[in-house]
């Protein structure tokens, strides 16, 4: 991953994204395929609002008992022969995974899609230690070949055209006939299927994420459409599940409800092609399934959010609906955020995981339009949490000095109506004069961000309060 | 303090935070035949569903499926006693293979339950019903008994859990494998089967 | 016979500074709806810029001032979805930690309304006597839509305006890119969002866009001005109120006589003439007013 992938570069990266002609049609497809799919699926379901409320309650309940449920999950998983590991941060998580792989003598590793593995930068670490995990989710596989980070939670390679995928495959699949046609999407999918099947078969270990953890049953639940998650975990000797600590719910009944919300919110499907309920290593007599089953529970800043105004962000079930409906994400895409989590969930989560200073653009680059909160399947009040991060930034003195000064000046006047009247009177006259009969102002020595792309219509020249006084 | 202790104490909710457990979600079962509903949803998920008159028709139906797709007359069977008992003598031209299927092969599995709400097959894994067989082949032919179709996942889980402990793997399969990862356009057969054919037999199957 | 309700008009800082005519339009509409309108003098801003920027103490101080100034009224009405939303939805949160104001903030919130929703829902207004011969599209601001759930009400009143043909935007529920300080801090993204909204407006064939939030309208008008696009911009209160000249101080006071392209002082909103003419009028609302302002000083 390049040094340009940095949340502090949001403005520069957005500029690049806005000027990338390739990205626009891709972002348009998120609206027509995913967003529209969600609308249709919700309508088909019937009382989707009641389902959202149930989802919120299930997740809230789980978060309020997180310690109990995590301890219960550990017990039930161990009772079934699985191992549970606890990682406070990314470094501990990486070390745990490497230790498991080394202990098993695993050299070839396949991976299902796992945002947590991105978050802890697992792949570069394993590669530096002589193990190259092969991504098997098609989108992840493609971006891995291109040495790019994923650009969307659900559709990691959505930003690419099929020609770009074909070019990547030609460059990377050197054993195949260079003269083969690779025009149709179906051909690309078939090629990936063939190339990756060999990897599945020869892997010593498989690493996946988990969409949900059911505490009562000690089960990890994995949701995929491709089937790669299952081939990743069933064929090798060792299966490692990487998951955030917040993913646990009370039992599989709760998972069933969240599953209904997840697939409809993410892609508009009533259910994904595959839902796998995994609870421990293979039973005696079985030939399929891992002999060694490990769950790595990753904190990495999540626990710090409990008890704060940002706690509700931990309800997230990683559906991506907020991304698909966000006008800012819809303008710049995922890479511009320079972090694992982008869009509204990124804006609400990253200041907590990465620090308010590091991720300060994310909650600020929002109009608080509220569409994200409207479509979130578990009703996370995303704009409210973004505002909380802005308040933390302001209170810790990290907000840009000019903005703080301007705001303080404004607030000073706003709290003193007599002063405000005078100021507004002067401003109205000055601006009207500046417009000079043209009816609009093209530039001012302040608010450069406004005038960079817009004019300002001229004011009438008198304030309402002055005119109202004269009327009386 | 261990990492475990650190994390558990860090996530312990501040005093007073108690979000109650909601009442269990009740799915209102719409009127009409469960089997018909299953067929409709499975079809919507690009599975091909056929209702047979009896379990005796399974081998012929399977052979027909292969023939219609110009596939070789080879069907991979897991060591499932239910499949052993079928009347394979009625299809002498069909070769039964025991090895695990490859990505272009056809394989047959018996589903324990069906979920009508979404047209989903419910496969608890066992030594005679290996989980990987739902993902390895190019074509999966699934056998489902009409009596084992319930409406929701919750109902099916209750039935399963009534039979004993959860197996190490349970796979829910709805339609063939698919991906939208290239230009958000659906393509079937990403890593799992490119096609899923479901043969529904009336009544029940003696489950062993 | 119920008494006429006493309505405190929350003018909003943008209306006060940029478009007093919207305030006058609001007063007219409220008086048409049988309300007694009072404009408290100790009002400045709702505090949203401070609140959204995370300057919580400043926001609370401003909010207290608003509560003090407005809590005696039967209703508080603002010609702005975002300001009404601020008072209605956010003030209880802003002042939650202040025992002297928390309950009062909740009381104020419950009786605060955006202008159009107040006219329709509370005063049961279902039509206006106005005319505006134009193809009009309505811009739903995000606060109106999602915080206050105002969607049908402005459309119902606009439907009664003589000669007005309402065209729906394909993506009416997508943000225009104003977002307060966002427009200044992230101008390129704001620009893209504005251009998407403008393209939507253009594809409806509308010659006028209206809405209830002046911030959004200034942003869209400013962008269209920069690009030379001749779609007029009006606040919905201006269209519905069809201000008459005698409603406002005389020409010597230098005040707008109306909205029309006709310029006779007749006050009725007449048809749009040429696009450039309309643009000039949209941007420079008061011809001849220049002299009056100079006479003032």
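Order of writing sets the chain letters: A, B and C. Residues in each chain are counted from 1.
Basically, a contact is a pair of C-beta atoms (placed from the backbone, for glycine too) under 8 Å apart; a residue touches a chain by one contact, two chains touch by 3 or more.
Since the model is a prediction, treat every value here as computed from it, not as a measurement.
The most distant chain from chain C is B, comparing centres defined as mean Cα coordinates.
Remark: the per-chain Cα centre closest to the mean position of all protein Cα atoms belongs to A. One inter-chain figure worth recording: chain A and chain C are separated by 36 Å, centre to centre, where each centre is the mean of the chain's CA atoms. Chain B and chain C, compared by their mean Cα positions, are separated by 57 Å.
Once the centre of each chain is set as its mean CA position, chain A and chain B turn out to be 30 Å apart.
Within chain C, not a single residue touches two or more of the remaining chains.
Residues 2-4, 6-14, 17-22, 24-25, 41, 44-45, 102-103, 117-118, 120, 125-127, 130-136, 152-154, 157, 166-185, 187, 189-193 of chain B are the ones that touch chain A when the two sit in their complex. By the touch rule above, chain A contacts chain C in their complex via residues 11, 14-15, 18, 327-328, 331-332, 364-371, 373-374, 387-395, 399, 403-404, 407-408, 410-411, 413-415, 417, 420, 424, 427-429, 432, 435, 437-440, 442, 447-450, 452-465, 467-468, 470-471. Remark: chain A residues 26, 29-30, 32-34, 51, 54, 57-58, 60-61, 63-67, 70-71, 74, 80, 86-88, 92, 136-139, 142, 155-158, 160-162, 165, 185-186, 188-190, 192-194, 196-197, 200, 217, 219, 225-228, 230-231, 234-235, 245, 250, 252-253, 256-257, 259, 267, 270-289, 293, 297, 299, 302-304, 306-307 touch chain B in the complex.
By the touch rule above, chain C contacts chain A in their complex via residues 11, 13, 15-21, 23-24, 39, 41-45, 47, 49-56, 58, 61-62, 65, 142, 146-147, 173-175, 177-194, 196, 218-219, 221-223, 225-226, 233, 248-249, 253-256, 280, 282-286, 289-290, 293, 296-297.
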